[in-house]
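In what comes next, chain A is part of two complexes: it sits with chain B in the first one and with chain C in the second one.
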Partner chain A sequence: MSSGTDHHQQIDSRSPEVRTEALEDLLVEKGIVDRSRVDALIDRFENDLGPMVGARLVAKAWISSEFRERLLADADEVLATEDIQGAEMEHIEVKANEPGVHNVVVCTLCSCYPWALLGLPPNWYKSPEYRARVVREPRKVLSEMGLSLDAETEVRVWDSSSETRFLVLPEQPEGTGHLGLEELAHLVTRDSMIGVTKAQAP
Partner chain B sequence: MFQVLRHTAKRPGEMRYALERLAPDDYFDHGGYYGRWEAVMELLLEEYGLLAPGELDVLLGAADGTGPAHRASPIAPKDPQKLPPDRTAPSPNSRTVRRELAEPPLFGVGDRVVALGVNQTDHTRLPEYVTGVPGTVIKIHPAEVLPDSTAHDLGERAQHVFCVGYHAEDLWGNEAEAGVVINVDLYENYLTAVGEAV
Partner chain C sequence: MTEAEILEGSLTAPPRLNGELVFEAPWQSRAFGVTADLVESGCFSWEDFRIRLIVAIDAWESTDVTERQSWDYYTCWVSALEQMLSDSTLLDSTELDGRAVAYADRPHGHDH
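Right after this comes the complex of A and B.
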């Protein structure tokens, strides 16, 4: 490895990227994996899935109190009506932030996440540090992530240990009552639906 | 990954258990989350006989027996007697872990319950930090097949699932932050009514 004259010698066989590429080639060769389906899946994850699905639900709930009540009472029924489906959608519960109550979601045992509503999970959500610390000292973790809650606000942590997945309904920012659905949805960030930030001010 | 799973870990909990069996270095330091997935694919493909042991190492010119599958723990034996009895639940029309149970849930909203866990190396969805600590049932979720059983290919043994709320003070004592509730979803067989325990 020291001379650098032979590039083939420099391939690090322990690197996950090297192993992943070699594994994909091997599985294609064996007929276990179909490369066109891999590409279609990557395309779907890059283009179709994302937090906008969840963000539109939140924006609708801000606009319509009737929709909000339905979403909080039975999210599965709402998602079926809206034809939203996908991986990790066995049972969804939506938890509303309100004055005096703040919700935040974690999966301490692995990294369970409502993919079909939020897209791919961020790296910090899957980190051992977040998974261990947010149940132990949520106020400190949230303040490190830029969200300071006053002492009177109760913090409710939701640990996704069964197949139920949680979505946080953040509070609507002040002075946004005149905005339409798409404008409101742009204020609803992925992180605000995990519960580590508030929705953005316009 | 999803194509590999169709050929290997299809039972609920099976892939999570495979991830739990990876060596600590492969779980924590092998390129993060997706590196962990790469390692678990090697493990599952070797266990299902779709890759020969060390096949990828040979291809990459590395020493045989250095890959993550070689370092992983084997599937732990599990005594079915320690699981709740299997019961018949109608098979659903679509692919889901949810089941309709004829038996009513053992606990209701507001009941005080405690999970009695033991250190175990086989698969479970009981987080260790809540074991032995009393909590309150705040909601009943749809019933599901039991991953502790399905991961080990021991049948569905479907269970009611309860969302149990714990006060941070009960979990962490003096180090707890004030005004914090931690809600954890627990399968019925993990739980005992407080007062009946031990």
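Right after this comes the complex of A and C.
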């Protein structure tokens, strides 16, 4: 036995880290995958796509009722007009919160999510417990996440699929009618567009 | 880890900020980026991949809690990607196993 043997036992060839490195290298060697393209894609998802895209849409809908109606009626058409990157990949529906109605989004089977508007989903959205429980007991889950809804408010849970991704249009916080687009967009958090919180007060 | 502990763990302290890291480890971003590149270059569609991701997630969820590893989304992702590569004959699973074993056997300090 060589003196280095003890180091070998630390790593499992079945670990996802090792599998990922092995499969990337093999695909690169075969000319199927290009490392610089992979780098560029990662950079795009880490830096260019994100909730700020969805937040601007929400802020616009708060400012203009005409825009709001268009967004609710045919979000795909609005996204195409707004030239939102990646939006062609997914069919998106926007669900508006209003007095007495609260919407929340889940993907019960995996992790479908409106990437073009929110970037990649947070860990809790992908977790088995959120995916199972928000359907079964949405009020309880929302209250654990800090959102208490009164008993009269109807909670609508939207299950995403490959065909349809959902974005929640949160209610505009009171007393923000004088704010401009950028200031309003800052109040629109990612979680408020998934429907697990409300938009922030300024 | 019990079901209750899992529930406690991720729902009592959900990340609430927009600025959260998208990937928790470099291999997760590589696994995602490789998949996205394969989709962009037309090797398979997101829907093809999604079907296998659902199967991988379901396999974890169907495994007895005492038998399975703690939940990790990107572990399911990699498993789905391996299945996708095998099904689409882009990469043979035996070849991948061989490379993974070779990498796992590298002495420390020689793994780059």
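What we mean here is this: the second predicted complex is superposed on the first by the 187 of 202 C-alpha atoms of A that agree within 3 Å, B and C clash if a C-alpha of one lies under 4 Å from a C-alpha of the other, contacts with A are read in each partner's own complex, and residues count from 1 in each chain.
Throughout what follows, a residue touches a chain if its C-beta (ideal position, glycine included) is under 8 Å from a C-beta of that chain, and two chains touch if they have at least 3 such contacts.
On a predicted model such as this, the values are computed, not experimentally measured, just so you know.
Peer 1: When the two structures are overlaid on chain A, which partner does A:R139 contact: first (chain B), second (chain C), both, or neither?
Peer 2: first
Peer 1: Where does A:E66 make contact in the superposed view: on chain B (first), on chain C (second), on both, or on neither?
Peer 2: In the superposition, A:E66 contacts neither chain B nor chain C.
Peer 1: Report for A:D83: first if it touches chain B alone, second if chain C alone, otherwise both or neither.
Peer 2: neither
Peer 1: In the overlay, answer first, second, both or neither for which of chain B and chain C A:P128 touches.
Peer 2: In the superposition, A:P128 touches chain B and chain C alike.
Peer 1: Go through the superposed model and pick first if A:S160 touches only chain B, second if only chain C, both, or neither.
Peer 2: first
Peer 1: Check the residue A:T189 against both partner chains and state whether it touches chain B (first), chain C (second), both, or neither.
Peer 2: second
Peer 1: Which partner chains sit in contact with A:E174 here, chain B, chain C, both or neither? Use first/second/both/neither.
Peer 2: neither
Peer 1: Contact-wise, after the overlay, does A:T20 reach chain B, chain C, both or neither (first, second, both, neither)?
Peer 2: both
Peer 1: Now for A:A151: first (chain B), second (chain C), both, or neither, which partner does it touch?
Peer 2: It touches chain B, and chain C stays clear.
Peer 1: Identify the overlap between the chain B-contacting and the chain C-contacting residues of chain A.
Peer 2: Residues 11, 13-20, 22-23, 26-27, 30, 32-34, 37-38, 41, 109-111, 123, 126, 128, 162, which sit in both footprints.
Peer 1: In their complex, what parts of chain C are in touch with chain A?
Peer 2: 3, 6-7, 10-12, 14-18, 20, 22-25, 27, 29-34, 36-38, 40-41, 43, 46-47, 50, 53-54, 57-58, 60-61, 71-75, 77-79, 81-82, 85, 90-91, 95-97, 99-108
Peer 1: Can you name the residues of chain A that touch chain B in the complex?
Peer 2: Within the complex, chain A touches chain B at residues 11, 13-20, 22-23, 26-27, 30, 32-34, 37-38, 41, 90-91, 93, 108-111, 121, 123, 126, 128, 135-140, 151-164.
Peer 1: Write out the stretch or stretches of chain A touching chain C in their complex.
Peer 2: By the definition above, chain A touches chain C via 4, 7-8, 10-27, 30, 32-34, 37-39, 41-42, 45-46, 50-52, 89, 109-112, 119-120, 122-124, 126-130, 133, 141, 144-146, 162, 189-191, 196-197.
Peer 1: Okay, in this complex, where on chain B does chain A touch?
Peer 2: Contact set of chain B toward chain A: 2-4, 7, 12, 16, 19, 28, 30-35, 38-39, 41-42, 45, 50-51, 55-57, 59-62, 66-67, 96-98, 125-127, 129, 141-142, 144, 161, 163, 171-172, 175, 177-187.
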